[in-house]
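Got some structures for you, see below.
In what follows, subunit A forms one complex with subunit B and a second complex with subunit C.
On to the complex of A and B.
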């Protein structure tokens, strides 16, 4: 069966460094948006990424509206919405429970993951919607699902939204796992101490039609580690498998990849395994960097946010530098200290999650 | 876009409070792993076993996810007590299918859907897509496990505090031989209804083929 090509034709985002234009300026100038915060844990400092005072749900609608305005569509009535989120409406449930000490005034529909698609459906009237929640791969998997639906001709237009707000459950939960950094995170650095939890919203319009602004979503794939609920397979089998399959799905060779946008959380376990996976699979030594030193880890939104970063890297033909790294733990991978201008044909973006859930997405300059 | 699929196996389980006969000691012989399973995970591995499915792509769905783990975390924060790391790792919506992959060494793709009342409808659509993509048998499971203290303060959707439904799909070029009719499945959470519709259509029929929207 002939597969339709999939083009990323419009996008917008909001993270702790601002909108997409501000995000790319921050990445290339290595200006992190992480702040040191004690509001979630009075006895512990944590480096967090917040877009306050912007309110989450009004920002969700604003970001999506910008995508509509940048698109070739009059409205989203013939468009599928696929949301990726790991926390949904739990922040509101927390606030009610902390105040009232019971569940009585918690609305289950506002607690669930689908609160995000419900809000966007009310605002924009999408043809249909789905919500994916696979922790930190949620919106990467939303992109994978969207690609497959357009490939097969089930839809011509799909909006993918990755969205997660900061909340006590995630901040305190990662603290309980002992992986929160008290400072700005330092992905791939020797002796790194952990990650920064952050909030983010990222929306992308994927279409069958090509426009002057298109970047191609060429391939994607997922895998499971089947190793441990939170620790990655130390031999990197799952990470290698999903990247290899994504490259194959794109009809490419591993040597075609010019830049790897890493999951790169800044935790000991993730970065060691991801660097090993990149070193093992991409023997031509492409550039590798994690932009989470700028944005923090936006959890379920990360896949979509970093998809936008990958598209911008291709459009600007400029590799994102690795911020906050003075001495790399793995010297075999190619971590750029500064932004590098070069020809960039293909970028692969990684997302890894609890449960050993791995997803990789490949983007390419349109030929 | 509709395509046709053989429904190879089906299973369902429900209880007003707690599903008691989930055969956990046989299905999960390793005690350390068994002890960590959430209620959703126990139901999921039971249903997968009933469908005789151990390896392949999995699409899992739940409208409300891991309620006990979530309640434990929020309760601990409110009481200024330490959060259990196990509760946090078990709080994500893909917990149950991830334990399934750990149990069987299954390294294939897992997708988890949470679309409110449309959850099992979207699980069917996504499972159909995955079956076409992989051209292989795919396991679909939808589960709600909300048997936590004081759930009656918010539960308006189900008489069964634990319930689950599973089926496996294989793509086929043959014509559909049953029609799936939407109906209300009294007592069950609406998030399970669409998959229960398929189970009803295939009830007792060998070689059941259904047309599903991608």
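On to the complex of A and C.
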């Protein structure tokens, strides 16, 4: 079967450092948006990434509208919406419950993951919508799904939105697991202490048609560790398999990859296994960095947000530096301390989730 | 063309008993710790479909749910406001959408793509469509696909918010099927229409297919709506509904029931917010 190529033609994001232009400026100048917060847990401080308390849904519409304005489309009536989110409307349900101290007025339609696609459908009238929820790989899986649908010819235009708001359940849940850092996280650093939970919104328009602004979504793949609910396979089998399959899906060799945009949460388990996977698979030692010290971990939005970062790295031909790292735990991987300008043809972006749910997406400069 | 190789269902209606934990414990006494009822329901349904058969490790796992694990959300809120405690780690982990998928993947030793699809309305249809796309594209050779929804009470509140009548019984279920590109040994073929339809389109579609093809309707289809669609046709209905209360993924129960008990072909029609989706199942000769 002849596959349609897939192009990323417009995008916008909002994270704790601002919009996409501000995000890239923060990444290259290594200015973190993480703040130290005690509003969720008065007895504990936590490094969190927040942008606009109580304005999440209006921000969601604004970000999506920017994508429409940047696109070659008049509207989204012939466009599929694919949302990746892990939180959905839980924040709304929490607000109702915390105010009323009971469940009576919690509405399942406002609680579900699909509350995000419902809100965007009402605003923009998409042709149809899907919602994927696989924790921290949600929007990476949404990108993979969008790629398949365009490959197949089922749709010519797909908007992928990754969106997760901060809420009590996630902040306190990660604290209960003992993986939340009280300071800015330090991915790949020796002796790192944990992650920063953050909120984020990222929207990308994927199309069959190529434009002057296009970056190609060349390949994607997923795998499952089936090893442990919270710990990755220490031999990195699942992470290696998904990156390998994504490179193959793109029709590339591992040596074609110039930069690995890491999942790199700052937790002991994730970063050790991810570095091992990159070291094992990419023997030509491409640059590797995580941008989560800047944005925090935006959970279900991370795959889409880091897809945008990957596209910008290709457009600017500039590798994102590894912020907040003085001494790397794994000396075999190539962690750049500063931004590096070089020819960048292909970038692979990783997303890994609890349950050993792994997804990798490959982006390339358009030939 | 995609093929259904195995099916398995666990279901109950409002008022019936289903001790999921006890049933799962007889199958896997070791995989009880840290799992809650929703996860056990997922495991039990998948086991009905697969049993002890060893699947190819690359088999993808797609799981659908209308509401997800709502019970764990309640537990997390209770921990905060009634017990004045932080979330229990096990409940936080079980609140993640992909937790059930992880346990199913771990039990059956599946290392392929693992997706969880969640939405109200057509969640089973959309998940089947995703699997169909991947199989047709050759991205996957085999997909273990399931739909899991747990009954939440009080039922009157749930019925109101889900938009179904007070007379309809709610239910819960875990319904699974093994889908493949491989024809040999298959029980049935399945074809999910890629596009949503309006009422006139679904009527035209029904009139265009073999009169011997049976028809079944989702719970959201009202009797006046069904009469309008059938429009005087003498078409036999497959009445799976009597054994099954309403839940978002009941579509999979209907399909599994037909594959198990039916004959010939079935067109399953479902509605959500005035849009229709249809799935055609054709049983293959059994040896």
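Here is the rule we use: the second predicted complex is superposed on the first by the 365 of 367 C-alpha atoms of A that agree within 3 Å, B and C clash if a C-alpha of one lies under 4 Å from a C-alpha of the other, contacts with A are read in each partner's own complex, and residues count from 1 in each chain.
Throughout what follows, contacts are C-beta pairs under 8 Å (C-beta built on N, C-alpha and C of every residue); 3 or more make two chains touch, one makes a residue touch a chain.
Because the structure is predicted, anything quoted here is derived from the model rather than measured.
Colleague: After the subunit A overlay, clash or fit between subunit B and subunit C?
Modeller: Clash.
Colleague: Is A:49 touching the first partner subunit B, the second partner subunit C, both, or neither of them?
Modeller: It touches nothing on subunit B or subunit C.
Colleague: Answer with first, second, both or neither: which of subunit B and subunit C does A:296 touch in the superposed model?
Modeller: neither
Colleague: Per the contact definition in the header, classify A:101: touching subunit B only (first), subunit C only (second), both, or neither.
Modeller: A:101: touches subunit B and subunit C.
Colleague: Looking at A:89 after the superposition, I want to know if it touches subunit B, subunit C, both of them or none. Which is it: first, second, both, neither?
Modeller: Neither: A:89 stays clear of subunit B and subunit C.
Colleague: According to the stated criteria, A:173 is in contact with first (subunit B), second (subunit C), both, or neither; which is it?
Modeller: Once the two structures are laid over each other on A, A:173 reaches both partners.
Colleague: Could you give the residue numbers on subunit A that contact subunit B in one complex and subunit C in the other?
Modeller: The answer is residues 86, 88, 90, 93-94, 97-98, 101, 103-104, 108-109, 111-114, 117, 129-135, 141, 145, 148-149, 152, 154, 168-169, 172-177, 221-227, 229-230, 237-238, 241, 353-357 of subunit A.
Colleague: Please give the residue numbers of subunit A that touch subunit B in the complex, ascending.
Modeller: These residues of subunit A touch subunit B: 86, 88, 90, 93-94, 97-98, 101-104, 106, 108-109, 111-114, 117-118, 129-135, 141, 145, 148-149, 152-154, 168-169, 172-178, 221-230, 237-238, 241, 353-357.
Colleague: Quick check on the complex: what are the subunit A residues that touch subunit C?
Modeller: That would be residues 1, 3, 41, 86, 88, 90, 93-94, 97-98, 101, 103-104, 107-109, 111-114, 117, 128-135, 137-138, 141, 144-145, 148-149, 151-152, 154, 168-169, 172-177, 221-227, 229-230, 237-238, 241, 353-357 of subunit A.
Colleague: Give every residue of subunit B touching subunit A within the complex, in rising order.
Modeller: Interface residues on the subunit B side: 1, 36, 63-65, 70, 73-74, 77-78, 82-85, 88-95, 97-99, 101-102, 104-116, 118-119, 122, 125-126, 129, 132-133, 150-151, 153-157, 214.
Colleague: Would you pull the subunit C residues touching subunit A in the complex into a rising list?
Modeller: It comes out as residues 34, 60-61, 66-68, 70, 73-74, 76-77, 80-81, 86-89, 92-93, 95-99, 101-103, 105-106, 109-120, 126, 130, 133-134, 136-139, 157-158, 161-162, 194, 196.
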